[in-house]
Each structure stands twice: as C-alpha cells, then as structure tokens.
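Chains here go by letter, A, B and C, matching the order in which they are written, and residues are numbered from 1 within each.
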Amino acid sequence: MTAAANAREAILNSVRSALRRGPLDDKRRAELDARRPQHTRPAQDEELVARFIRKFESRAGTTARVASRADVPAAVEAYRVDKGLPAHAAVGAALKDLAWPAGLAVHHDPAGISETMAVSQALAGIAEPGSLMMASGPASPITHNFVPDDHVVVLDAGAIVGHFEEAWEVLRARAEGMPRATNIISGPSRTADVEQTIQLGAHGPRRVHVIIVG
Amino acid sequence: MTESPTRGPRVGLFATCLMNVFRPNVGFSAVKLLEDAGCTVEVPANQTCCGQPGYNSGDYDAARALARQVIETFENYDYIVGPSGSCMATIRHDYPVLFHDDPVWLPRAQELSEKAWELLSFLTDVLGATASDAHYDGSVTYHDSCSGLRGLGIKGQPRTLLGEVDGLKLKEMEDSEVCCGFGGTFCVKYPEISEKMVEDKVRNILATGADTVVGGDLGCLMNIAGRLKRINAPVKVFHTSEVLAGLADGPGLAGAAKESD
Amino acid sequence: MEIRSKEFKERAVFAIHDASLQQALGKARGGFVGKRAQQAAELPEFEQLREEAKNTKNHILDNLDHYLERYEAAVTAAGGHVHWARDAEEARKIILDICKRVDAKTVTKGKSMVSEEIGLNEALIEHGMEVVETDLGEYIIQLAHEPPSHIIAPAVHKTKDQVSDLFEAAHGGPRKTEVADLVNEARRVLRDKYFRADVGITGGNFLVAETGSSIIVTNEGNGDLTQTLAKVHIVTSGIERVVPTLDDATLFLRLLARSATGQETETYTTISTGPRRAEDLDGPEEYHVVLVDNGRSKMLGGRFKDMLRCIRCGACMNHCPVYGAVGGHAYGWVYPGPMGSVLTPLIKGLDNAYDLPNACTLNGRCASVCPVKIPLPDLLRELRHMQHQQDITPVMQRRALKVWRYVATRPKLYHALEQVGARFLSAIAKNGSIRRLPLASGWTDVRDLPAPAGRTFLELWQGKRGQK
C-alpha cells in the first residue's frame, strides 16, 4: 500500500511545513500526551437526581423512581401496560437476573426490525444536560437503544454524575476499556427538518422512559 | 501640544465623506455637542477619507496611503472624534492591522488608534456625559449600525442619551442589530440582496409606529432614508447627533423642506 | 458536486423572487436565532467557553500532526482502520474500494458534509450502488435531487407542501400533509434500508485521539442506525476535526448544540470506538475512518488558519442577513453562508467564487456568534485582498480604486470634487431626494438617494470659523 503510505506522509509533511517545523521531538510529544485539560464546567447547584429528572423531562423524556432493583420488572410492566404495548421485550442481559413477569416474553438478543420495546441498563446518568450514558456490549446491545419505539432504561441513582468529565472517568475506569459504542441519550428521537416543526420519533425511539433505582 | 486644564481636550473632528457632502448638519451637531461638553474643536482642512473603501475592497496599499494621511493630519490632537462608527472603527481597529509589519508607521497608527473615538462613545465613555438638554417632539427608534455596535461596543450610550431628550419617546424595533443592507459598495454591487435587507429593516421600523429613525452612521441612514422615501413611508431620518444637539428641527435625510414640522 | 459559485448573482436574484424559498427561510431565521440567544443567556459560562474553545482549537492546530498520529494509533489499537486522503479523488477511491470489496449493494448515510465536499454519492451511484441519505433533511433533498442548502438543516429551503409532493412522488399516495405523517412515512421507508445496508457512512463531529473514537451528534438517531446495522461503518472527516481527549470534545459539545439549533444538547451523542468486539451481539464488523485533507493542511500555514477552528454548527449562516435573504443554494457549492464564503474560494479556487467574499456587508454578526471566534469578516476581506492582488477583481473596480486613491490623497482636489458633487446632486433633486441617477443605478434602482444641501460641511465651516 505505497499509495496509502504516501498520502499519509504527504499530509503529515504538509501539516508540518505549514507549521514551519519538522516532527515534534519525543519530549514535546510526551508533554502533549500528559496534557490534562481543565476546561470550565458550567456551575450546578442542584441535587444530581433532581437535576437529571428536570433536564431529561424537559426534552419529552419520562421518568419513574423505584426503591430497589427488585422493583424494576413491575415498573417496566406498568409502563408497558400504560402504553398498551405487546407483551414482549428485548431486555439487555445486564438485567437478566431480575424476576420478569411470567406474562412478558423476554429475550436478550439484539433488537430486530419488529421489536416494540427494549429495556436497558445505563452505565451512568449525566446531570449537567440530563442525559443517559449507555455502554454497548453483550449485556447491552446497541440496537436496543435505537430500534424499538419504546426504550425503557434502568438507571441507578448513585450512577448519576454531575458533569460530562465525571462520566468520562467512569469510562476510563472500566477494565474492558472504551465500549464499542457509548451512546449518550437525552430523550426521544426528534427532528425539525420539516419547517422547523419538532416531531418526536424520527428514526429512533418515540418514547424514552427512565426508571431510577434508589 | 499643551492642554489647558480649563479648556478641556483639543479634539480634531473627523469630517466623514458622507457627512461632508450629504449632511453638513451632522458636522455642526457634532461640534455643538463637543463644545458643550467643554472640548476645543478643530476641523483640519487637510483631511479626506479614512481609507475604508480601499481596505474593504482589498486594496490595502490605497488604504495605507489614506491612513498615513489621516495619521499625519490628526496625530497632534488629543483626540480624533467622528460622527460615524464605521470610519472610527477603521481608524481604531484597522490602522494597526494595516501597518502590522511597518516599524515606522505601526507606532503612529497605534497611537492614533488609542485616541480615535466615535462621537457618542466619546461623549459618554470618555467625557462621562449622561444628560441632554435637547428637546425633540416625537417617537424615535434606534438602528444599531454594525461597525459601531460590534466594532466599538456602541449600544447603550446613544440610548441613554436619547432617553434624556425632553419629549422624545424611544421605541425599540425588532432586529435593531441586524444589518440594513448598506455595507459600503455592497449596496450597489448586489442591489437585489441589499433591497431585501433594507426592506426587512424598514418593515421593522414601520412596525414600531415611531415617526423618526435615528442611527450613528450616515451610510446606513441614507440607505434607510432612501428606501423609506421610495415606498413613501413618512418616517423622518436623523443622525443621533442631530437630535441630541437639538438641530433636528429641519427636514430629515431625503426629506423635503415642506415635510418638516 | 460541481461548483456553481460563478452564478452567485443570478442565483441570488432568483432566490429572492422564489416565494416558497422566502417563506421557508423566513420561518427558519427567527427560530435558530432566538433559541441560540436563549441558550447563550442561560449559560453564564458561555462566553468563557467560547474563548477556551478558540484557544483549545489553536493548540490542536499547532500540534495537529501529533494528535493525528496519536488518533491513528488508538483507532488501530481498537481494531479500526485509518485511511488518509490528500484530496477528494483519493477519498472517493478509498471508500469505493471498501464498498466494492464487500460487494456493497446498499449504502446508508448519516449526514456528512465532507462526503458532500468529496462528491461521494455520485461516485457510489455511478458504480451501481443504492445510496440512501437517512437524515430526514438529507433524504428530502436527495429525493429532490438537490444539494443541501444549510450545513445542519439541509432542507431548510423546502416548505411542507414541497415535502408532501416529493414524498408522494417517491412513495406513492395518499399524499400526506401533516408533519407527523411525513416523518412517519420516512421512518417506515428508511427502517427497511438500515436493515438491508451493507455499508453505513457517517461524518465525524470530533475524532478523539485519547481513545481512537469518532463522535457524531444527531437528533434523529439516523446516524446510529446507519452505523450500527450495516456490516461496515465508514467515517469521513476532515483532518482538523481531531481533539486530544474526551474532555476537549466536551468543551465543543457544550457549544455545538447551543450554537447550532439552540438546544442545550442534541438527543444523541455517540462515541464509536472500533468495530464489533468478539463478544458483541451487534455493531459493524469493520470500522474505517477516512481522514480528508483537501486543502486543509495548506490553510494551516497562512492567514486562513483560523478557519480550521470551525466546528460546522451553522450559527454564522443562521445569523447572516445575506444568507437569510438568498438561502444556501445561491452560494453554488457545498458550504454556504459566511463559513462557506471563506472555504469555497480556498478549496475550489479564488476565481471560481469571486462573488462569495464580496457578497457580504462585513456587518460582523457571524463572528459575534461563532462558538470558536473565527474572525469571518476579516477572512472575507483577506480573500478580497488576494483577489485584488491577483487581478481577479473586475477591471472597472480596479480603475475606480486607482482614481479614488489619486483624488483622495489630494485634499484640495477631493474637496473641490465633493463641492461639485454636492451642488450637482442638490440641483437635480426633487423633494429632498433623487429618484434616478444613471451612473448610480445600483443605488437608485432600489432606493432614493437623499439629496445634499448644496454646500459641503468643510465649505460651511470655513465660512463660519475660517480656521484651518
């Protein structure tokens, strides 16, 4: 692949010649790699869970709160019945151990084109914008986040952090490293591409419901 | 240059091209306001244009030639003050850029830049004026000229002073900060686009119901006045300084003498 | 995409008289401007963030080679592939080769301005592939066979009625007239495409060197379905979009949605790192990033380096009164508005886009809202300077400037001519103004010329005070 190698070198050389210098020396490179930016974080003076709920609901998301993880299946079922959805759901394997109601057909595979509801475990919540942070993996397939009309997300109250920067620390602390897909979800899918009229459910879920645990 | 403490600063008035030809009354208004504020005002005869038409057309050499002339003419005054945000922003901001690699002219350009002021900004920000003893019977809407607003931060100053004018009622228009479509040679190079822009501006002016529109730059005001006249809208157009100096008793821009009341 | 910027004037006049376009532009303008202003007002740190964003981008650009290499290493470590393209042709070839290798029949696309810049769709279609734009706005203009007219709202120039017509023609009846029904119809049609796609192509808002990730930001979720369901995910991005760390990306994310659509955040921010892992149940089997230079590294060395800070939010065009009057298509290429008027001449050649830097009043509203503080009016003036130096400007303009300089540097002559002019205009005026002036029809076609009083200020002043 000499052509490819040539393009790579040509672009890097062109960058350097524009900057009127050669390649950076190892010392400078190490300095750049050690750089830890401290950008301004918007001030917050609100309790994290309250802020998360306020922000998430401001974009047409809905929330419910339960005392413990064991209460999750009932909360999911209540949501399903309330919305009149069929009695089946794609449930992330992270929630496999819960006691799902007998009448609800549950599977842990990716969501197919006809999937109506998915239930996922969030890795974290970010109070700053009121958003969910989902980490893809066998326990939380990406398709669950985008294919069904209804997405129910389980979020531990203790997993809500203040700013984006703290959410990145959660990612950095993972033994398995960065997920293939980290989805930060701030509400139902929306579009304003026809005459700036906001319409929910453009391509992704029409409804996103968060069950906060704890 | 010695400044007598009792006589106030010695100001060289920058007589802008449009003012000189189209609206001498603005020059006399500026002189009155400056003298009332205690300044000694002179109008050097050797001045012409600030050079902005050359600069904005990409002819930097021509702009520099004009800039040198302005620097030589005005550098011995305490201040250079002009009734235009556009020309004064050129002197304040663009001269040092034009001479950025010229060791002889850069310091002179910088020195002039520091004492270059738009009239109303000078009256308020430098001389601390907050009051006006003028009288104007009418409702007035203020157009923010772009160079003054974004180049020199002129926004509150004219409104504060206009608010002090006896009998004057200030009515804010929608989008007062949006360009009127003048833009120097833009308005004749792209007349259709300019027309659309001035149409929007005039619609916003008329929506206020104000009988007068004022602003700090004659370019914008001629564009607005010309458009108002073209559509037969009976709104008077004055430079802010004319109203503040109490010299807005004649016809406005593009106004026939009979229209004045 | 073929450049038609030379036709700017004609296309602008056409746009001004296009009633549907004016209706659509009118609706868009107020929304974007008002919502951005509200977001900026609600975040006390907004101005501080703009300053930090400017400085951080400058730091990245000064060390761009290092961050690109670090990014490449991290992508490779995550199992992805980085490709380098010097120009549009190389970029197209890289992507075509990948598509051909996997025998792609259907290619879905999230919104990507770089793919527009390199003319990707035409190339893929030419090779027999079905290319489906999945962003609703992009889908609409694809049906209309038009280029985008805005970088974040590509179909902003279309009215609902026009969308109804396009959908009826493409999907069959009955004709939908409600926005909800139109969106549902597109949702249904595109679902099928996502699941059938062989290759999904997206842009990249940010490329994170720390993790080897690409970040896309969308409201619809189309980018995610595009890149998750296809067998191969290809990211196209300019080389300047790299950022050192996730924390740096955050700085720009805080500004992007607020500046672009006036939202606090978009619905989806997706960080993609490599292809599907062995244990994963979904996601693409291959992950490629095509880094496109196409003139960017040259910009880095000169007066236009500031332009490389651009994060493609569209705030400059939302606030540009010229864009507001003529819409995006008049600009004649991929990038419209103030940022496009700088980029187009630099990428496609000064003489191919003469009008773009000139069709601007230098009012500065674009720069005042730019989240990374690009001095757009100064860059446009700089392009005029280059045009002047290269004699690309019209002959009449050059002559006029020479005459003006000659006269204006001779005060006595200048004043004499001013006096003649003032007297002449005063003499021909009626009721305070002049309706028609043959040599100044650009002025008088649109508006009256206010008449001078007769004598100039300097004349009157000399008479009154007699001082020099």
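Simple rule for what comes next: contacts are C-beta pairs under 8 Å (C-beta built on N, C-alpha and C of every residue); 3 or more make two chains touch, one makes a residue touch a chain.
Model, not experiment: these values are computed from the prediction.
Contacts between chains trace an open chain of neighbours here, each touching only the next in line. Put simply, the chain nearest the middle, going by average C-alpha positions, is C. Centroid to centroid, with C-alpha atoms defining each point, chain A and chain B lie 53 Å apart.
Between the CA-based centres of chain A and chain C the separation comes to 29 Å, rounded to the whole angstrom. The mean-CA centres of chain B and chain C are about 33 angstrom from one another, to the nearest whole unit.
Counting partners per residue, chain C has no residue that reaches two or more other chains.
Residues of chain C touching chain A in their complex: 24, 27-28, 31, 43-45, 48-49, 52, 56, 62-70, 78, 83-86, 90, 134-137, 140, 153-156, 158-160, 163, 179-180, 182-184, 186-187, 190-192, 195, 211-213, 219-222, 224-225, 228-229, 239, 244-248, 250-251, 253-254, 261, 264-277, 279-283, 291, 293, 297-302. The touching residues of chain A, when paired with chain C in their complex, are 4, 7-8, 10-12, 14-20, 23-24, 28-29, 32-33, 35-37, 39-40, 42-43, 55, 59, 109-110, 113, 129, 131, 136-138, 141-143, 145-147, 163-165, 168, 171, 178-197, 199, 201-205. Within the complex, the chain C residues that touch chain B are 9, 12-13, 16, 321-322, 325-326, 358-365, 367-368, 381, 383-389, 393, 397, 401, 404-405, 408-409, 411, 414-415, 418, 421-422, 425, 431-433, 435, 440, 442-443, 445-453, 455-458, 460-462, 465, 467-468.
Chain B meets chain C in the complex at residues 15, 17, 19-28, 42-49, 51, 53-60, 62, 65-66, 69, 146-147, 150-151, 177-179, 181-184, 186-198, 200, 222-223, 225-227, 229-230, 237, 251, 253-259.
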